[in-house]
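Shared chain: subunit A. Partners: subunit B in the first complex, subunit C in the second.
The block that comes next holds the complex of A and B.
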C-alpha cells in the first residue's frame, strides 16, 4: 500500500473508532440509571461492545504506526477527535438516547457490512467479527423504536421529537472526507454517499412501522464538522471525564 | 440538589426532597420465562425471568441478560402466565413406593459390573 492509501485508511479508522468510543461512553452514562433493570443491563452491555470495537480499530491504527490504543483513546484532547457531532451530544432523556442508538447503529452496521470484503484485509476481518454484535444492536434499536413509536400518544410524541432533534446531526455522520475517491478506487470503501443511501433504505420501513415521520427532505441540513475535528462544547467535558483516571497515571498497569 | 461523587448523578440535578410516587398496581410489565439452548439439538434450559411488554422485547432482554457471555445459540421466551404449574401441595404425587427397584437404573444387572469396576480402581 502506498502512503496515500494508508492515510486514507487511517482517516476511515479514526472516524469509525472515535464514533464508537464516544457513543460507547455516552451510552455507558446510563449504567445504573436506565429505565428498567433489564434495559439498563442490555444498554450497558452494548455500550461495552462499542468500546471493545473502538479498541479493535485503535489496534489497527497502532499497527499502521499510530500510538498505543490507550494513548489514542485517552491522551488526545477533544479537538483531535474525528467523531460526528451526533455521538457527542448529551444523552438528554431516554427517548433521545434510544433514537440516537437506533440511527447510529443502523449506519454502523451498514458501514461494517460494506467493509466486510474490503481490500484492506485486517479491517475486513474485524468487520466480519463484529457482525453478530451489530445485528443484536440493530434488533434492539428497531424493537424499541417500533414499540415506543406506536405505544401511546405520549411515547409517540416523545419519539417523534427525538427523531426531529436527532435528524440533522445524524446526517452529519455521512460527512465526506478527503479520500472518498481513493477509498473507492482502491476497493476499500464505497463512500459516505452510498452509505447514507443504504442507511435511509434500512431505517425508513422501521420508522414507518413505528408511525414516525422522517423530516421533509427540503429541511435537511446535515451538521458537519465532526470529521474535521470541529466539535460542540459537549465533547471536551466528556473526554475529560472519560480519561480522568487514565491521565492520573498514564504508565499504570491495568 | 444532590451532589455526588458520581458526576452523572450531580448532572441530573436531583432535588434532595424528592418524593417518589408509590407505584400503582399493575404498573409493571409482565414477566417472561427465558430458556436458552447451548448448542443446536440440545434441550432448551430455563435460565431466568425478564420483565417485558411483549415477546420481542423479552427476547432482546433475555439475550442480553442470559446470553451475553456467548454460551447460547437459541432462545425461547414464554409468558409466565402461560406456564401451567403444579401445586406444591401436590408434591406428594412425585412420591413413589420403594419396592420397585426394577424401575431404577440401580436395578439393572449392569450395576454389578459397574461396582466391580469401581472397586477394581
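The block that comes next holds the complex of A and C.
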C-alpha cells in the first residue's frame, strides 16, 4: 500500500472508532438510570459492544503505526477527535437516546456490511465480526422505535420531536472526507454518499411503521465539521471525564 | 451485592403467628426442616411471605442503588480493559435486581409497588450505598470487599427455604464471584502500583472500613427476632457469624497487600475468633434512617430516573407485558 492509501485508511478508521467510543460512552451513561431495568441492561450491553469495537479499530490503527489504543483513546484532547457531532450530544431524555441509537446503528451496520468486502483484509475481517453484533443493536432500535412511535400520543410526540432534533445531526454522520475517491478506487470503501442512500432506504419503512415522519428534504441541513475535529461544547467535558483517572498518573499501570 | 436484611426493631409483627392454622403451620415447618423448598403457590404463613418480600425487595433495591456509586466510575475508568469490565460488572448488578424483583413478585408484590416503596423511602436498601465513592480506588474497594461480603451473605441465603430466591441467588453468586476477582485484581494493581495509586487505595480502604463492618447488620447482642426467621430458613446465618467469616477470609489478604486497617483492636485471638472495636451502631441506625452522606442523593437520582422514564413505562403498559414468572 502506498502512503496515500494508508492515510485514507487511517482517516476512515479514526472516524469510525471515535464514533463508537463516544456513542458507547454516552450509552454507558444510562447505567442505573434507564426507564426500566431491561433498558438499563440493553444500553449497557450495547455500550460494551461499541467500546469493544472502538478498541478493535484503534488496534488496527496501532498496527498502522499509531499509538496504543489506551493512549489514543485516553490521552487525546477533544480537538483531535474525528467523531460526528451527533454522537457527542448529551443523552437528553430516553426518546433522544433511543432515536440516536436507532439512526446511528442503522448507519453503522451498513458501514460494516460494506466494509466486510473491503480490500484491506484486516478491516474486512473485523467488519465481518462486528456486523454480527450490530444486527442485535439494530433489532433493538427497530422494536423500540416502532413501539414508542405508535404506543400513545405522548410517546408518539416525543419520538417525533426526537427525530426532528436528531435529523440534521444524523446527516452529519455522512460528512465526506478528503479520501472518498481514493477509498472507492482502491475498493476499500464505497463512500459516504452511497452509505447515506442505503441508510435512508433502510430506516424509511421502519419510521413509517412507527408512524413517524422524516423531516422535509428541503429543511435538511447536515451538521458537518466533526470529521474535521470541529465539535460542540459537549465533547471536551466528556473527554475530560473519560480520561480523568488515566491522566491522574499517566506513568501508572491501571 | 447486598448486606444483611435490616429489620426495623420497632416492628412487632414478627412475633405474630396468631391466626395461622396450627396444622398447616406444623406441616409447613416440617417441610422446611426436611430441607424441602417452598414454591410460589404453596401455603405459607403470612409472616413468612411478608419477611421474604421485605428481604428480597431490600436485596433488589440494593442492586439498583448499588449501581449508582459504581456507575459513576464507568465514564472515568482508566483504559479499555477496566472500562469494559466495570460496565459488565454494573450491568450484572442491574440484572440481579431484575432477577430479584421477579422472585419477589412471585410472593404477590409488583415491581412497581416495590420501586414506589423504594423512592418514597418506605423500603430500605443496603446501608453501604449511602456512602460516596470519592475516587476510582473507592470503586475498586467496593468491587472487592463489598462484593466479598455480599457473597458470604448470599451463599448462605441461597440455601434458604424459598425456591425462587434460592435459585436466583445461585445465579447471582456465580456472577459475584467474577466481580470479586475483578475487584481484587484492581486493588492489587493499585496497592502494588505507583505512590499515588497506593495512597489512593489506602485512603479508600480507610474510608470504607466502618461501612464494611456495618455491612452484615447489627451485632447479635442487639439484634433480636432472628430465631423464627432462622427456623423457617429465611435467614441462614447470624450477622456476627457472617462478619467473622468475612474477617477471617479477607483481613489476611488485605494485610498481605501492605495495606492497613483503621482499627487498632483488630486481631485474631487464641480461640480463632476475630476481635475488633465494636462498630458504631448508632451511626448505622442514623444512616439507615436517612442521615447518611448520600441517602438523599441516591433516592433523588432514583426518583428522577423513575419520573423521567414514566412515559416509557406507560407506553409499554399493556396486559401482555405483565408477568409473575420467576426468571430463575
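By our rule, the second predicted complex is superposed on the first by the 252 of 254 C-alpha atoms of A that agree within 3 Å, B and C clash if a C-alpha of one lies under 4 Å from a C-alpha of the other, contacts with A are read in each partner's own complex, and residues count from 1 in each chain.
Everything below uses one rule, namely that contacts are C-beta pairs under 8 Å (C-beta built on N, C-alpha and C of every residue); 3 or more make two chains touch, one makes a residue touch a chain.
Nothing here was measured: the structure is a model prediction, and the numbers come from that model.
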### Message
Let me test your reading of the model: by the given contact rule, A:147 touches which partner, first (subunit B), second (subunit C), both or neither?
### Response
both
### Query
Should A:41 be classified as contacting the first partner (subunit B), the second (subunit C), both, or neither?
both
## Note on the structure
Counting residues of subunit A touched by each of subunit B and subunit C, the higher count belongs to C
### Message
Just checking: does A:202 make contact with subunit B only, subunit C only, both, or neither of them? Give me first, second, both or neither.
### Response
neither
### Task
Have a look at where A:139 lands relative to subunit B and subunit C in the superposition and call it first, second, both or neither.
first
### Touched partner set for A:232, first subunit B, second subunit C, both or neither
neither
## Note on the structure
Dual-contact residues of subunit A (subunit B, subunit C) 29, 33, 36-39, 41, 45, 147, 151, 241
### Query
Which residues, counting only subunit B, touch subunit A once they are in their complex?
7-8, 12, 29, 50-54, 56-57, 60-61, 63-65, 68
### Residues of subunit A defined as touching subunit B within the complex
29, 33, 36-39, 41-42, 45-46, 136, 139-140, 143-144, 147, 151, 241
### Task
Note which residues of subunit C are touching subunit A in the complex, please.
64, 67-68, 71, 73-80, 82-84, 87-88, 90-91, 94-95, 97-98, 101, 136, 189, 193-194, 196-197, 301, 304-305, 308-316
### Task
Flag every residue of subunit A that touches subunit C in the complex, lowest number first.
25, 28-29, 31-41, 44-45, 47-48, 51-52, 55, 69-70, 73-74, 93-94, 147-148, 151-152, 154-155, 158, 238, 241-242, 244-246, 248-249, 251-254
